């Protein structure tokens, strides 16, 4: 493997300028609305310097510290998913002429190339899954594909996981192991830069970096190791399909349903959830119509509705669907678990339901009734 | 049967093109109005009572629901009253954003009233869609201005009816420059529309009806009053808003759910004409020039100049909103911290239809102990009845019923009465009789 | 790998009202190339798009050997189907498809075939019946069972009579609740199994209908020695995309639109009949 | 609802959109703030388009006044609070093929139904010197408590998009789509940062029906439930969470008893920690 280069912190703007000059719109983390969210980045000073996040199930607060670090927080409410799998988008447009003839046209925007900086290992793992789902299954999704082709990823190895993170237990982090163009390790005074693709190599060459000394690499490695070591939550390893389905009548499903709001937040923040629904938006004059797709969730009644029946009418069944899919069925569909250990569903659940805790209870011996 | 002994009873069972539900009953006996009742039968909604015990932060969301046409006014008067009670001062920049918010409401409400409710009267149409056939450009201009007003409110409140952005102490959030840039552009483009609107309203065939009345409006030291802490009248009143109850009274009449207002026991006028009559000198020079070009002089005693006054305020709102957005008032936090306490406070702002006065008493934990709200339409109600008597007399009581009815409706609509606020408006019953 | 497409324009060329709430539309793709290259398998479905209203999955009931006559039978149940119910010849709609995997026609060759349907006009199996009967000599005995809740719900009397007339073909009808005119069986469709002269062990069953009926029938067939790989079901789930991406049709680890809608019992045994899956 | 009712109301060609006659539309007002009617009056250019597509027969605030002529669609704003209202709403129903309530007042009683929780006689007396002049019923009620309602558009106020979607769908001869999802779904699609989690404010999004576009969280504040209850409510769990955020039991009760206080579904959680049992 090539030796990482060293980018002094003051030169981070060089990277941003380079990206912009190469035609990318640069998206990165910013402090807004009380959280670290992904927005357009103008300059390195837009990044959340000295910001860390204190979080637990259903709550988080941003803490300001006296530190130059710009990536010393775990992950924001969203990262790559909304960039590629849009929360709402138009799929096709149809015009109707005076004779009632229809002409269909795909809504074909050519997206601008986007560079996202600050991507975490869990997000990359989730991206791999979405690539499998949207690009490599029987049908390829052209909308996702177009955006994916124009995406450049600048990953950052995680050094400050939240208490809700458990990527170490799913094997997806905290170190990014591939699928990025550039990888950064953040140190006090700058970044180690590793390239992971030809495009990344070009960028890194253009930055003309000096190779990082061993000592620096060692500090970075240790920081990531520590980030793995401090994680306390875990998921049981392996394919849980059979075990979960064996426990399909476990009383815990009802118990969790007493707390669950069936609001769908966990699915919306989950970087691997992919459900969507479609509907038409028609102007009043009725001369055209736009067919749209938007995020849906297995926690809605519409998700399992067929005429005259909501198959999963009870919250108990909806939660069971989510969890058994994520940790069970997923293995059969994608060859791995649907959870990358990002902890978002725990953090952003308004009532703090914790997937790791629920699985832990469910995995105890089945209770027969 | 001799003509002079005729007795007529006119009933307008439901007044159309007014906001809310009301009726008008007139009895004419021997060329004399013997009975005239503007009946507001919007059922009482008892807002003042159910505010009791509510947290002060809930007040803006609840009082907005008194009136869908001027929710900003309700939110702003309430905010002012509660901020006074809690002795907090909002920063000047927040105040500027509130003025902008208010500009949106004036623009929306006035454009709606001029085009959808009032102008059809003067041009002989029943509705705006009818009028659009003959005056498409004018109607479209009006709709554009109305939309601009709505969009300003949306900028600060997410929606124009019952907006959600305002709170006691400021706003929940304020827009960034890139969010309002397109709006600023549209505002600049609207100056011409608004100027043309003023001239157009001045050119409408408005009846000539000079009357004697007392105008009441807020006095704002810094400009044309939307906010202000003193109330002035054309008869020399000059009081702090807290003193309102000492001078103004409300009384109930048996035929109406809206309480009638009196200043020292006599009817008075609030709203655009009253404001312009008292504060025209405070308008920017550029607006005054447009007024001069109309040939109409304010103060005016012609009640029908209300529509022109409204158009002038549209122009003012467009200019004021442009000024504010160009200055881009910067704030550190959109809302100041509030420390509730047991106290009382009054607030009064200029709703599109005139002064809207609120007073709250609070408990130590910030909950409302009592509330009093005096909306503009109930203040105008006695004045409308007085005007109707004069106007119909001047119009000629011997005219046939449809003409009398239309004229009466025109007079009433001219006030842009908002019966939803007043609680709500109009069904006309004219009774004529001979002895 | 195919790209997820957009609808093709289709024209309604004929309409038949089967009952007050059931009607069939014959469609023709307007574009000549699309029309010529369109092929489908019995059991597959199309996504039909009603202009400005929505897109719904509907089985193709035509004959796969005559793909230019694309037939669909609709039951008017809700928003979109009610809109479709108003279409007349000449009207245009959108069509995406075909989607899904069809019935196991190959596996049915040279074997006894049992077709069980429940509910009103079970469209997905009609093309199979047509196909099997068109190639009558390639199959063993054939039995067609149809169950309805109420005898008045029974449609396609003519078709059933025609099928009944085929050689070595049994057609049996059951109604849970029957009017005085009813000449068929009174009771559940599963009650007809004992009247069948079929080789349950080596034959193949294709079934579609309400969940409880299929669960009960599947159970009884297993008891009669049928292997779980010889009992096939057509399932219904909410579908938005039909290409396995929207997630709505998930059934355990299956995507019904892509992996089904037709499944052998063996593949779904662990899920079948469980409420809320 | 009658299967073919819409066909009868609108004799339109679904596909080419040509109408045999313009359907009549009425907008009626009962006790309300007039805000929902603004969904029409704020339509701008589309108001003129609407006028092209339908015949606005009655809409007092906009001019046309005719309560007698039968119409295809009657929109009803406001709640019932006087004896006279109860009679008028029955006439409105008789004159309309399809009755749509717009907004919280009409659909659930709205904010003024708060008075149902108190002794409104005493309230009247405290505001009006002579309460005996008032024709006011003791309780404010929703339209559906008096007559059959065909469609409810929730929201305080409804927005133009909802109203136009309903009109457009009906002109197509189908029912509008209904969505009972939670505000949270829209909130996340908008990529708002959750205000419960990040600010600890008592947001009602998880129990409130979507449709507004999650306006409040978009402005960094808590939803106060103006679109009414969503499906699959868990007010007990949310109430408990609010208590955890530091709200006193009375404050929790007030959260649920605001715009839709008259609804069972929004009955505030009971007991010290809001357990359902």
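We just call them A, B, C and D in the order they show up, numbering each chain from 1.
Convention: contacts are C-beta pairs under 8 Å (C-beta built on N, C-alpha and C of every residue); 3 or more make two chains touch, one makes a residue touch a chain.
All of these numbers come straight from a predicted model, not from anything done at the bench.
> Centre of all protein Cα atoms: which chain's centre is nearest to it?
When every chain is reduced to its C-alpha mean, the one closest to the whole-protein mean is D.
> If you average the Cα atoms per chain, which one ends up farthest from chain C?
The most distant chain relative to chain C turns out to be B.
> What whole-Å value do you get for the distance between chain A and chain D if each is reduced to the mean of its CA atoms?
The mean C-alpha positions of chain A and chain D differ by 36 Å.
> What's the distance between the Cα centroids of chain A and chain B, rounded to whole Å?
Comparing mean C-alpha positions, chain B is 51 Å from chain A.
> At what distance in angstrom does the C-alpha mean of chain D lie from that of chain B?
Computed from C-alpha means, the inter-chain centre distance equals 26 Å.
> If you average the Cα atoms of chain A and of chain C to get two centres, how far apart are those centres in Å?
40
> Could you pull out the residues of chain A that touch at least 2 other chains?
Touching at least two other chains: 96, 100, 279, 282, 286, 296, 302, 314.
> Could you list the positions in chain C whose residues touch two or more of the other chains?
51-54, 91-92 - these are the residues of chain C that touch more than one other chain.
> Among the chains present, which pairs are found to touch?
By the stated definition, chains touch in these pairs: A-C, A-D, B-D, C-D.
> Could you list, by residue number, the parts of chain C that touch chain D in their complex?
That would be residues 20-21, 50-54, 76, 79-80, 82-83, 86-87, 91-92 of chain C.
> Within the complex, which stretch of chain D touches chain B?
That would be residues 29, 31-39, 41-42, 44-45, 47-48, 51, 56, 60-65, 81-82, 85, 110-112, 114-115, 117-118, 120, 123-124, 126-130, 133-136, 156-157, 159, 212, 215-216, 218-221, 224, 226, 250-251, 254, 258-259 of chain D.
> Residues of chain B touching chain D in their complex?
It is residues 14-21, 41-50, 53-55, 58, 61-62, 65-69, 71, 108, 112, 116-117, 120, 125-130, 132, 139-140, 143-144, 146-147, 150, 157-162, 164-165, 167, 172-173, 251-252, 254-255, 257, 259, 418, 420, 424 of chain B that touch chain D.
> Given the complex with chain A, which residues does chain D contribute to the contact?
Residues 13, 15-17, 46, 49-50, 53, 164-165, 167-168, 171-172, 177, 179-182, 184-185, 188-194, 196-200, 203, 205-207, 220, 231-232, 234, 236-238, 240-241, 276.
> Spell out the part of chain D that touches chain C in their complex, as residue ranges.
So the residues of chain D touching chain C come out as 3, 6-7, 14-15, 168-169, 172-175, 177.
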